[in-house]
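Pasting a structure below so you can have a look.
Order of writing sets the chain letters: A, B, C, D, E and F. Residues in each chain are counted from 1.
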Amino acid sequence: MINITHKSTTLRKAIAQAVVCVSKPETIQAVKDRTVPKGDVLEMAKTAGLFAAKRTADMIPDCHPLPIEFTSVSYEIGEMEIQVLVEVHTVYKTGVEVEAMHAASVVALTMYDMLKPIDKGISIQHIKLMEKRGGKSDQKADFS
Amino acid sequence: MINITHKSTTLRKAIAQAVVCVSKPETIQAVKDRTVPKGDVLEMAKTAGLFAAKRTADMIPDCHPLPIEFTSVSYEIGEMEIQVLVEVHTVYKTGVEVEAMHAASVVALTMYDMLKPIDKGISIQHIKLMEKRGGKSDQKADFS
Amino acid sequence: MINITHKSTTLRKAIAQAVVCVSKPETIQAVKDRTVPKGDVLEMAKTAGLFAAKRTADMIPDCHPLPIEFTSVSYEIGEMEIQVLVEVHTVYKTGVEVEAMHAASVVALTMYDMLKPIDKGISIQHIKLMEKRGGKSDQKADFS
Amino acid sequence: MINITHKSTTLRKAIAQAVVCVSKPETIQAVKDRTVPKGDVLEMAKTAGLFAAKRTADMIPDCHPLPIEFTSVSYEIGEMEIQVLVEVHTVYKTGVEVEAMHAASVVALTMYDMLKPIDKGISIQHIKLMEKRGGKSDQKADFS
Amino acid sequence: MINITHKSTTLRKAIAQAVVCVSKPETIQAVKDRTVPKGDVLEMAKTAGLFAAKRTADMIPDCHPLPIEFTSVSYEIGEMEIQVLVEVHTVYKTGVEVEAMHAASVVALTMYDMLKPIDKGISIQHIKLMEKRGGKSDQKADFS
Amino acid sequence: MINITHKSTTLRKAIAQAVVCVSKPETIQAVKDRTVPKGDVLEMAKTAGLFAAKRTADMIPDCHPLPIEFTSVSYEIGEMEIQVLVEVHTVYKTGVEVEAMHAASVVALTMYDMLKPIDKGISIQHIKLMEKRGGKSDQKADFS
């Protein structure tokens, strides 16, 4: 685990995405209509994502435990895919990009788990960092 | 959460994959040579995956807690990507495909976390079920 | 911890309740209209309850870890209170009444946490077992 | 999850209660005499409460992980009820009232679990915030 | 993780020990008299041990999650040491020796943590399996 | 739990050890040669130790949750024993000696678990604090 005792505390932000790709438009429609038998997919997955952001250091060996001070989960719903976006903020010595990516992956996995009874062809794609801000290597534009 | 009290206990298996895509061949070489500054990527990620398979029900709301009776993590190392394969077995009333997918995603996220100091362009792709066996809807060939 | 190695495995069910008492009707209205600033209270609290049922043995010292095979969370919404009902099933050697009570309390606490910015006078009342079935001491009528 | 990155760090305190109501005085006597078959109820429940205070963010979706810097559990034992009082302190950007309420509920649930073999009529009542201090909305008198 | 899907379910028991060695007899006396400032050492450590037995698979990578069906914690108090004994039972496909050793180590660490303000010279010794029964390689005599 | 709200935040370090004693030199050789059937013992145990340092407050009742800002795990391999050394740093109000001891014990238990198929005579010895720095009671020399 990298030594961060000497680093300075600053506001740090990250946005990560995951994309849930379905095999038929009816799956997306059922999500929108809240008619998926297992329940309200977008709400349940969002809640799972909030927990996942907070528990990243429990799952990834080298991640430092850190004060998650903001998490949001949002969705862009397309015809055959749902883009999950997770934004995490902290005021601490290290960034929250892995926290945002971990939360995005758990949101997507929760959607997969809730949708697999109605669609056997789902996969999760493009888990990646979209933007980060606040450390020495800012990427992309300001997303405040 | 689906009611499984009436279901029969059988041997169930699942294999899931995640693919870690890097932005330059030197990253793959460092993994192979065990010269990544944060440590032995393949070994550390494998251990994280073993824990993740067991803790799936802690992260995914509708997943039943179940007796994970076998987990293996293996890798196919290409020129610009590492394919993670996780196989999980149980003898229980419901399958382990989400467990395998969750473990594969945590293995990939651990690799991302360990490699990001040396490669800023990594993404995780193609988290999906490869094979399952033992419930009413077997997919693909026997993988025993 | 009580020794249950010799007990027989049977279907066991429990229903527990918790009651969230608010201080003004507007609070209930906001829950129904899904206009609470922190989000969809009923959905988020339900998800928290699913996790809590599964993690009871992590929080209560003498509870045995057991296979939660069904959990449901439902609500009865009154003018000044919301009754939370959690039903849990297992096929195992010991009952799930503490699991149902623990989940009901976490559902209620999640509602408290989400509602406190709009209502400072909330309390949680009447956490108790409503019905249980399947061990040597059935209580109340069949609730199947 | 509410964004607290901009809030100022101050000493914050909360006291919450839960009340365990029994159905016969012999139950209270057994607790006092430390003759409950499952063990020393007050000590075991106190320990469960210390853990619960620390793990609130694991159970309640919108709770921020925060540095619990003091927790105490105390009891007021009446003829037919035991009042549980939990006090939590932090020096952080948000209060600890849900932490105190969560810990109080887990203390009460542990007592329920240990007492149910000798008393089938126990309920948990009046989980509520008694006092808080240190944020913008102090309630009640100083309890230092 | 070893594949246990094909193994037969039998009653399995294990007893493990850990020894807490203090640097002066006054430390032992304070434990016996329940005058340690941090609280009742034997009771609090016992409760921590109950949780630890149940959470072994969360801490040790290759341990299978399994149904802990009995755990007891007992003490032999000497002049300069306290022997911790933890007994764990399951009816499952693999043994519980690591569960017993893990619980014994957490009991001992809890005692260390509570005693360090009054004794700076404590160490933990002799964490080992004392007896096991029920798999193919019984060790020592029956301890039922 | 001791009240630390008033304490000052400083850099604090601790080193703890645990010693894994085997019953034959072949066991040590298999660890060195990475031929233990269960996998790479030193790497897997190290990863388990990183998680354990971070989760100490989940296992030990009175330990405060704190920002682990550095953890390292190293080994001294002798003829019949392996000495595990864990170093932990934080910048906080209380020390990390129990965190270091807890991590050392989990590293040793993981080694025990992986080695027991090839050596039935393993014990864990001498879990103790080697050095600490940064609070009011420094012990031993500077280990920076």
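FYI, contacts are C-beta pairs under 8 Å (C-beta built on N, C-alpha and C of every residue); 3 or more make two chains touch, one makes a residue touch a chain.
Quantities reported herein were computed from a predicted structural model and do not represent experimental measurements.
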| item | value |
| --- | --- |
| Pair in E-F, D-F or B-F that repeats A-C, with over half of contact pairs matching by residue number | B-F |
| Centroid comparison with chain B (C-alpha atoms), farthest chain | D |
| Whole-Å gap separating chain A and chain B, where each centre is the average of the chain's CA atoms | 18 |
| Averaged-CA centre spacing for the pair chain E and chain B, given as whole angstrom | 32 |
| Separation of mean Cα positions, chain E and chain D [Å, integer] | 28 |
| Shared-contact residues (touching 2 or more other chains) in chain C | 2, 39, 44, 47-48, 51, 55, 58, 61-62, 65 |
| Pairs of chains, among all present, that meet the touch criterion | A-B, A-C, A-D, A-F, B-C, B-E, B-F, C-D, C-E, D-E, D-F, E-F |
| Of chain A, residues touching chain F in the complex | 1-5, 57-58, 61-62, 64-66, 92-93 |
| Chain B-facing residues of chain A, complex | 2, 38-39, 44, 47-48, 51-52, 55, 58-63, 97-98, 101-102, 105-106, 108-110, 112-114, 116, 120, 122-128, 137, 139 |
| Chain C contact footprint on chain E (complex, rising order) | 11, 47, 50-51, 54-55, 65, 67-72, 89-91 |
| Chain B residues touching chain F - in the complex, by the definition given at the top | 39-40, 43-44, 46-48, 51 |
